[in-house]
Structure formats: C-alpha cells, structure tokens
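Chain IDs A, B, C and D follow the sequence of writing; residue 1 opens each chain.
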Amino acid sequence: MMLSNIGYYIKEGFNGILRHKAMSMAAIISIIIALFMLGSIIVFGLNVSNVIGDMESSLEVIVFLKDDMSDQAIERLDGELRNMEGIADVRYISKADAFGKWKEQFGDQSDYLEGYTAEDNPLPRSYEVRLKEPSYADDVVNALNGREGIEKVQYNSEVADTLNRLVTAVRWMGLIIVGILLVIAVVIIMNTVRLAVFARRNEINIMKYIGATNWFIRWPFIIEGAVIGLTGSILSLALLKMLYDFAVSKLSSILNMVNFIPVNDAMNIAMLIIMVTGIVAGIIGSAVSIRRYLKV
Amino acid sequence: MIRLVNVSKVYDNGVTALSNVNINIKAGDFVFLVGPSGAGKTTIIKLLLKEIEPTSGDIFVNDKNVTVLKRKEIPYFRRNIGVVFQDFRLLPDRNVYDNIAFAMQVVGTPSKEIRRRVPLMLSLVNLSSKAYAYPNELSGGEQQRVVLARAIANNPPVLIADEPTGNLDPDTGWDIVNLLSEINRRGTTVIMATHAKEIVDAMRKRVIILKKGTVISDQEKGVYLDDVK
Amino acid sequence: MMLSNIGYYIKEGFNGILRHKAMSMAAIISIIIALFMLGSIIVFGLNVSNVIGDMESSLEVIVFLKDDMSDQAIERLDGELRNMEGIADVRYISKADAFGKWKEQFGDQSDYLEGYTAEDNPLPRSYEVRLKEPSYADDVVNALNGREGIEKVQYNSEVADTLNRLVTAVRWMGLIIVGILLVIAVVIIMNTVRLAVFARRNEINIMKYIGATNWFIRWPFIIEGAVIGLTGSILSLALLKMLYDFAVSKLSSILNMVNFIPVNDAMNIAMLIIMVTGIVAGIIGSAVSIRRYLKV
Amino acid sequence: MIRLVNVSKVYDNGVTALSNVNINIKAGDFVFLVGPSGAGKTTIIKLLLKEIEPTSGDIFVNDKNVTVLKRKEIPYFRRNIGVVFQDFRLLPDRNVYDNIAFAMQVVGTPSKEIRRRVPLMLSLVNLSSKAYAYPNELSGGEQQRVVLARAIANNPPVLIADEPTGNLDPDTGWDIVNLLSEINRRGTTVIMATHAKEIVDAMRKRVIILKKGTVISDQEKGVYLDDVK
C-alpha cells in the first residue's frame, strides 16, 4: 500500500458506494439483516441466562437448628456462616418467623399448629443461606451437616441440578447458536459482496489490463466493504435497540417475573460483536471475492 | 525491443490463432499489422500484454521474456505498453477525465501532474468538450479516441493500437494516425493493427501481413496487399 | 405466455442457472440460510409451546373431601367429575395414598403424622383432576366449590395464570418472530436475486433491443428463480432435519423433562412454510427485479 | 417508409446530437449515412429503434409514428428492423448459434425453421466454423459478422447497419456490402452508417451526410465528401 495513495483509496472506496447505489443498498440490507439476527440472539441469550441466574440464586440452603442450641452457639454459627466461602447472604429465621411463614403458607388447611403461639411452637429455628453459585452447595452442606446443634441441612439439590444442567445447556446452545449465526452473518455478507464484485468484474479486468497492481484495485474495494459493513452494523444496532426497547416495554408487563437486562448493558455486549463482524466480513468478503478477477 | 520467436497459439476451444510466428521489432519502429478478419492480429497484441499465454514459443518485450514473467511483475510490465484496445475497455462508471486520470493514478503520478496532463491528452484527441461525459454517452469514434488518449497518457515506450481508426471517419482517422506518427517520431515504438488500406498505403511504413495465423509478408515501406485473402 | 414457448422457457430457465453457476450458488446459499433460520425458529417455537402445554396439563385441581362423606356420595361425585366438560383425567386419592405421599414428601422432617397409620390419619381423601386446558379451571372450581361433602377445592391459579400469560406471550412472540424472519427470508432472497439480475442487466437490455417481449424475457428468469428457491428450500429442510435430529439426541439427555416433538411432526409444519416461501420469494424476486431493466 | 420530420435530440447532459433533421427514405432504398465522428449517425439509428426519444419532431417507420408507440408495442415494432449495432450487443453467455437462434425464437419461429435457417445465415457471413464459439472467443470482425447474421435472420423489411465494416479488412468489408446490396435487391430497405469512403464512392447509392447534428447534403448516387469536416 503506497502511502501516497491512501487518499485515492479512501475517495475511491466511497465513490464505489455512491456509483453503485442500488448494489450498495442491497449489500447494506443484507448486512443489517444478518447482524440484526446475530444481535437478537445475543440479547435473547443474555436475558435467558439472566433469568436462570435469578432462579439459581433464589435457591437456598436451609439450616434447621436444634431447639436446644444455645444462643452463643447460634451466634458462633452465624459468624462462621457469614465468613464461609460461596455464601452470598444469610438470614436467621426465629421460631416466630417460622410460625408466621407456616400460617401464611398453609392457612386454615392444616390444624397442625392449632393451640401453639408464635413464641412457643414445634417449628425449628433456621438459617436461610443464599449461595453465590449453586456449585458451592456441596461444600456448604458438607461443612454444616452433622455439626453440633444442627438438626438438618436442607438443600433442594434436584432443582439445583436441573438448573445447573439447564444453565450448561443454555450456555452451550447459546454459544452454538451465536456461532452458527456468526457464520451465517459472515456468509450472507460475503455472499452479497461477492455478487456486488461479480457485477463489477469487467471493471476489475480493465484495471488489470492497464497495469494496476492487485492492491491498487483491492484497496478501494476493501474500504468499500468496510464502510458498507460499518454502515450495516450501525443500522442493525439501531434497529436492535429500538426493537429491544419496544419488546421490553411490552413484555415486562406480561412476564413480570422476568428481570430484563437494561437496554444499554445488553447493547454493549452485542455492539462489539456486531461491529467487528460487520466490518471484518465486509473487508474479507470484498478482498476474497475480487481475487479470482484479479488473475489476469 | 519486441520479439516473437516461433510463437503459436491454440485457444482452449481448439482454434489455432497463430502458428509459428516470428516477428522482430526494433525500438522506435512504426509497424502496421494487417490481415483479414480473424488472422490473429488481436491475438498477437494480447500475447504481448500477457493477457493470454502462447501455446509455444517465446515473447520478448524490452528484452524481458514475457512468458516467464511472475504474476507480481505483470502490472509493472504492462505499464510500459500503452494499448488502444479494439473493444475499448473504458471504465463505464467513470467519466472521460477520470478514465484517463485512472491510468495515470495507477502508475503513481502525482495528482498535480494528472490535473495538468489529462486536459492536454484530451485536446490532442480533440475531445476537450467531452471531459465529463461517461463512456456510454460517447459516440463510437469518441470512445475510440478516449482509449487512445489513455494509452498515451503515461508516455509509454511502446504503443500498441488495435484498429484505432475503425470507428472514425477518414479525416479524423488521419488525425489519429498523424498523432501516432508524431509520437513515434519522439521515440515511441508503435504497433498498429488496422484494416485501413488507404492509410497503410500512404504511410509507407513497415507492414506485417498475417493470414490464418502465419506471417505471409513483412516489408519495410510496405503496402496493404489486396489479394491476401 | 405463448404456449408454444413453454419448452423454451423451461430450458432457458435451467440454462440460466447452469450458465451462471457461481451466481446461482450464491443465491442458493442465501436462500438456504434464510429458510434455515425460519425453519429453526418454527421448530423451536413448536417445542416451547409443547413444553408449556405439558406444564399446563400437569396443573391439577385438587378436590379435598370431608371425612364424613359417604361412599355413595363419593361414587356420585366420581361419575359427575368424569362427565364434566374440560376434564381430562380424574384420580382418586384415598387416605392411605395421601399418607404415602406425605411420608414420601416430608419423610422424617415432620413428626406431624407420628403415631398415625396409613388407614387412620388426619389427611383428607381427595380427587386429583387434570384439566384439558387451564381455561376450564374456573368452571370446574365453581361447580365443585361449596358442594356437599367437599371440604375445599384447591387450584394453583397463580401458576396457571402465569403459564397462561406465558403461553400467550410465547405464541405472540413466536408469530412475530416467524413474521419477522419470513420478511427477512423474503428480503434476503429478493436481494440476492436482485443482485443476480443486476449482474445480467446487459443481457436483458440486449434482448429488448432485438424485439423480445417483456414476458419472453421474464419467464426464464422466473423459472430460474423458482428452481433456485425450490433447491434452496429443499436443502435448508435437509439441513434443518439433520441438525434437529442431532440437537434432540444431544439435548434430550440434558433436558430430560422436555418432551421433544418428533422430527417428522416438526418438519411437516416447517416444510410447507419453507417451501412456499422459498419458491414464491424466488419467483417474485426475479420478476420484480428485472422490471427496471425491461423499460427500454 | 421511414421519415424523420424536424427531429432534434438533446441528450440529458445537454449535448445537442441532432437539430432539426428531415429525412425521407422510401421502401426499397439503399442509403448511406455518413459524417464525421459524433455527427449523430448512431443517434438517428437509436431514434428509429425507439431506444431513445427525440427531444422534438416526429419519426415514422412503416407509417407508424414511433414517438407515440405504446410500451407494449415496442418489441413487435422492433422486429421489423434488423440492426447491426456499432457496439455489437451479442449475448455473452450464448454461443454464436444460440445468439442468432435467440433472435428467431423471439419472434416465435418454430424450432425446425430455426435449425434450418441459422446455418444458412452463418454461411452467408462466412462463419460456419464458429457456430459454437462464444462472443468473447471471436475476433472483432467475426463478432461484427455475427451481428449482421442476427440482423438478417428474420428477413426484416428494414435493415439498419451501424458501421458494419468498421472491424473488417477491405475484402471482407466488400463481401458484407455486397450481401447488403443483394438483400436490398430482394426488397429490404437498407440504411448503412459508415466511414468507408471507398465503399460509399464505389456504390453510388443515396448518401446522406450529417455534420454536427444537421443534414448538410442528401444526394442520390452520391459520394463521400472529404471536406465536410
């Protein structure tokens, strides 16, 4: 790349787009579509893993205390729990709390607690321990199980396992789908650029016949590809943001348990992937597809 | 300067366009290449440009063996040769000015020099008024003259013109031939494939006559033979 | 369309594809991609609504019977339940069944049932009623509530409502996404055909100049578009089937609670949409895009 | 048969190609259209084909006013006129045989008739051996002759040839002109735009001379005037 020619290359790159407006439009539309889909699945995937994350972190280890455990022992346990690795949050449930919860949950249906008061009842005191991640569960449960003063450590490992497997599945599927869509986006973009270059094959030939080097011909095409890729990716981002905003506003009333990722957070992650894909695919697409026409 | 040694060309579809052609052109020559339609004139020009490869034989331009040129060297090699293509080959999406300017940009001419020289070239071929017209807005003869202007823009040591007067009226044709002649006087080797009997006969330059792919006559101060067909 | 020319049109249509192999390939690849995505989302949507359907139908109305209800009354109720509209399945839970379930669920954790036997315990007899659809729930609950001998009718209407809203949301989102992808598929296909036609604009012009009518020029292009569309849709169906088979075989071990739709059922529905889209978009794409070049 | 009445043509870019041209050609005429490069010859031909619209004036072909022709009628109208285009316009992805056959398919010729007639046309222009070559495998003169074969394939009542000998050696050029002359004798109206002074002078047919968009001379049994430029 002769430095003196940079100005010419850039000018020609933009000229190429302007001279073939219909073709450039077609290319940009294809790129918008390809990248929009890529972005959609990324944003969708981020939300799904967010939801599962919420569900996971709501899974708790419950530590039931023996009625005869002393207050000091409880205090010690409390301190230990709060320092334990992998524990996000610890909540103490007194007998009164437990009584309240029971009433709330079963109401009149059960006469089990009839005659008991909030202060004096057969329900055990307990700790509700929220984990940072389900993978800490085994350690925590093992550390507490059978300890003095502890009646029973309860952890719904079945649900946790399912969630865990779900998380793995979703991550893998997400990666695979993003991978596939990435390939699709690149193929669509390269395909489009290929047809655009094909339509200009004579032009390329003529340049070769009057002594232009391959790079002299290639640079404007590459810049053209990059500009088209950039334009397409910016437009697809704008579209994605618009539709995501809209979808969140519509869906958050229906799916009220879902905690949507704020639009900007979701965008930041999608942005990089989309822009890089768009530009790189545009560049590679144009560089690769003029190759066969340069061989004269 | 330019030498074809035992050159034969058989196209992929089996057509023998040239068989065993030997031509030797010295620097500064002015050569007419004549012969009936399909004789192989354009084939020779394409060989000189390495647009196609000979089936056998060797081709030398500027003492370089063209047949063994590396792919990377081809563009630089082609810049030594200005060509008026029989089928014009103008860039359809650039106007006349830009078509000529492009040929100069290719060889790295500074833009100041380009801005000075393109109008000069256009006035030489009498097309100053068409600078901003696009190729499809030109008449056949005008396109032909643009191609000529492009071919001479870089002052190449060799100028090859394939039928440069085919679409021109006799007067304009003569203007072009006189221009080529002037360029030749200044040292450029000129090879002109043509059917213009009048011009060939009047110029009395070297005439190479091709027929069915072989050189049947090669004379200094020659004339267009009518009975070669 | 002159009938005598049909042979010519068909021959030329196929010739067009063969003469421009690279271009036809590019078009077919684009179509495969567009239709593959369309098919994926259809198959995915079918599975999601299937899963939700399963979840919904697992929601039950539980009818707790008073201990003093007579066997005849129960028998009458049984008959009535089985004939009631919207009820898919009725299961009777005796005191012994209830006892077993309780033990199973709570095990040693609770001493509530200590001292009781399977035959003699405070747990009520009940009916577990599976509904055909959650929308029948209100009718069923109202018909049973307050009836003689019935202690309480329990129905988790909150979960049902959520599922209901989820089903609505999924259906709408599915329709919208399929709609968007349909548009995308059509745009990609038309875009591709447009570029392919653009690359052959001179050809079309020349035909016009020597006296060809618009339809004479158009038919081979339309047939070409249809053949490319058909080829693309068949290939994308093959790809979809392959990947779906693979995904099901991989995922059914991880997501063991999900009941995947058998591949052929899923395909049948996707097939029609994909084929029609592919062919129609191919035809319209080529017919529309040659229009501007015919105006000479 | 063909009449141009006060025809002017100003192209979109402001170039005046024709101003106030009046020409009247009777059925069965043989007319040479000559004039320097850019005089407007091709413009007249494009107007006759309704490839472009006149800025003012009326054009009649076969007593039909071309300027008011409906879009639907254009293809049927064009079939009355065989044209040798200056820029050839062969379909690049069909071989010579198919290019000619295509022109006949367009008018609905039965394929049996096509199979009979195409080889006939090819032998008329002396290209039987090139039937299966593609346009880019032909020399300039060969392409020109294919276009001629295509133009006469449907036996059109009017034949327009724009520079049909521009890429041909004098001998082959004469063959073509004799062919046109023969076709004219059988009743076809022939209009030939050309720069071939020798041919025009020898044929002694009607010569219409254009210069800068105006008719400056229109003579029966005329000659190519050298001093029109």
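Going forward, contacts are C-beta pairs under 8 Å (C-beta built on N, C-alpha and C of every residue); 3 or more make two chains touch, one makes a residue touch a chain.
What you are looking at is a predicted structure, and each value in this text was computed from that prediction instead of being measured.
Inter-chain contacts peak for the pair B-D, counting C-beta pairs in contact. Ranked by how far their CA centres sit from the centre of chain B, the chains are topped by C. With each centre defined as the average position of its C-alpha atoms, the distance from chain B to chain C rounds to 67 Å. Averaging Cα coordinates per chain places chain A and chain C 24 Å apart.
With centres set at the average Cα position, the gap from chain A to chain B is 62 Å.
Counting partner chains per residue, chain A shows two or more touched chains at no residue at all.
Residue positions of chain B touching 2 or more other chains: none. Chain contacts here close into one cycle, and each chain has exactly two touching partners. Chains touching one another form the pairs A-B, A-C, B-D, C-D.
Of all residues in chain A, those touching chain B in their complex are 2, 4-5, 8, 19-20, 202-203, 205-214, 216, 295-296. Of all residues in chain B, those touching chain D in their complex are 11, 13, 15, 34-38, 41-42, 86-87, 132-133, 137, 139-142, 144-145, 162-163, 166-173, 195, 197-198, 224, 226, 229.
Only residues 22-23, 26, 29-30, 33, 36-37, 109, 111-112, 122, 152, 162, 165-166, 168-169, 173, 184, 187-188, 191-192, 194-196, 198-199, 251, 254-255, 257 of chain C touch chain A when the two sit together in their complex. Of all the residues in chain B, the ones that touch chain A in their complex are 49, 51, 71, 74-79, 83, 85, 89-93, 102-103, 105-108, 110, 150.
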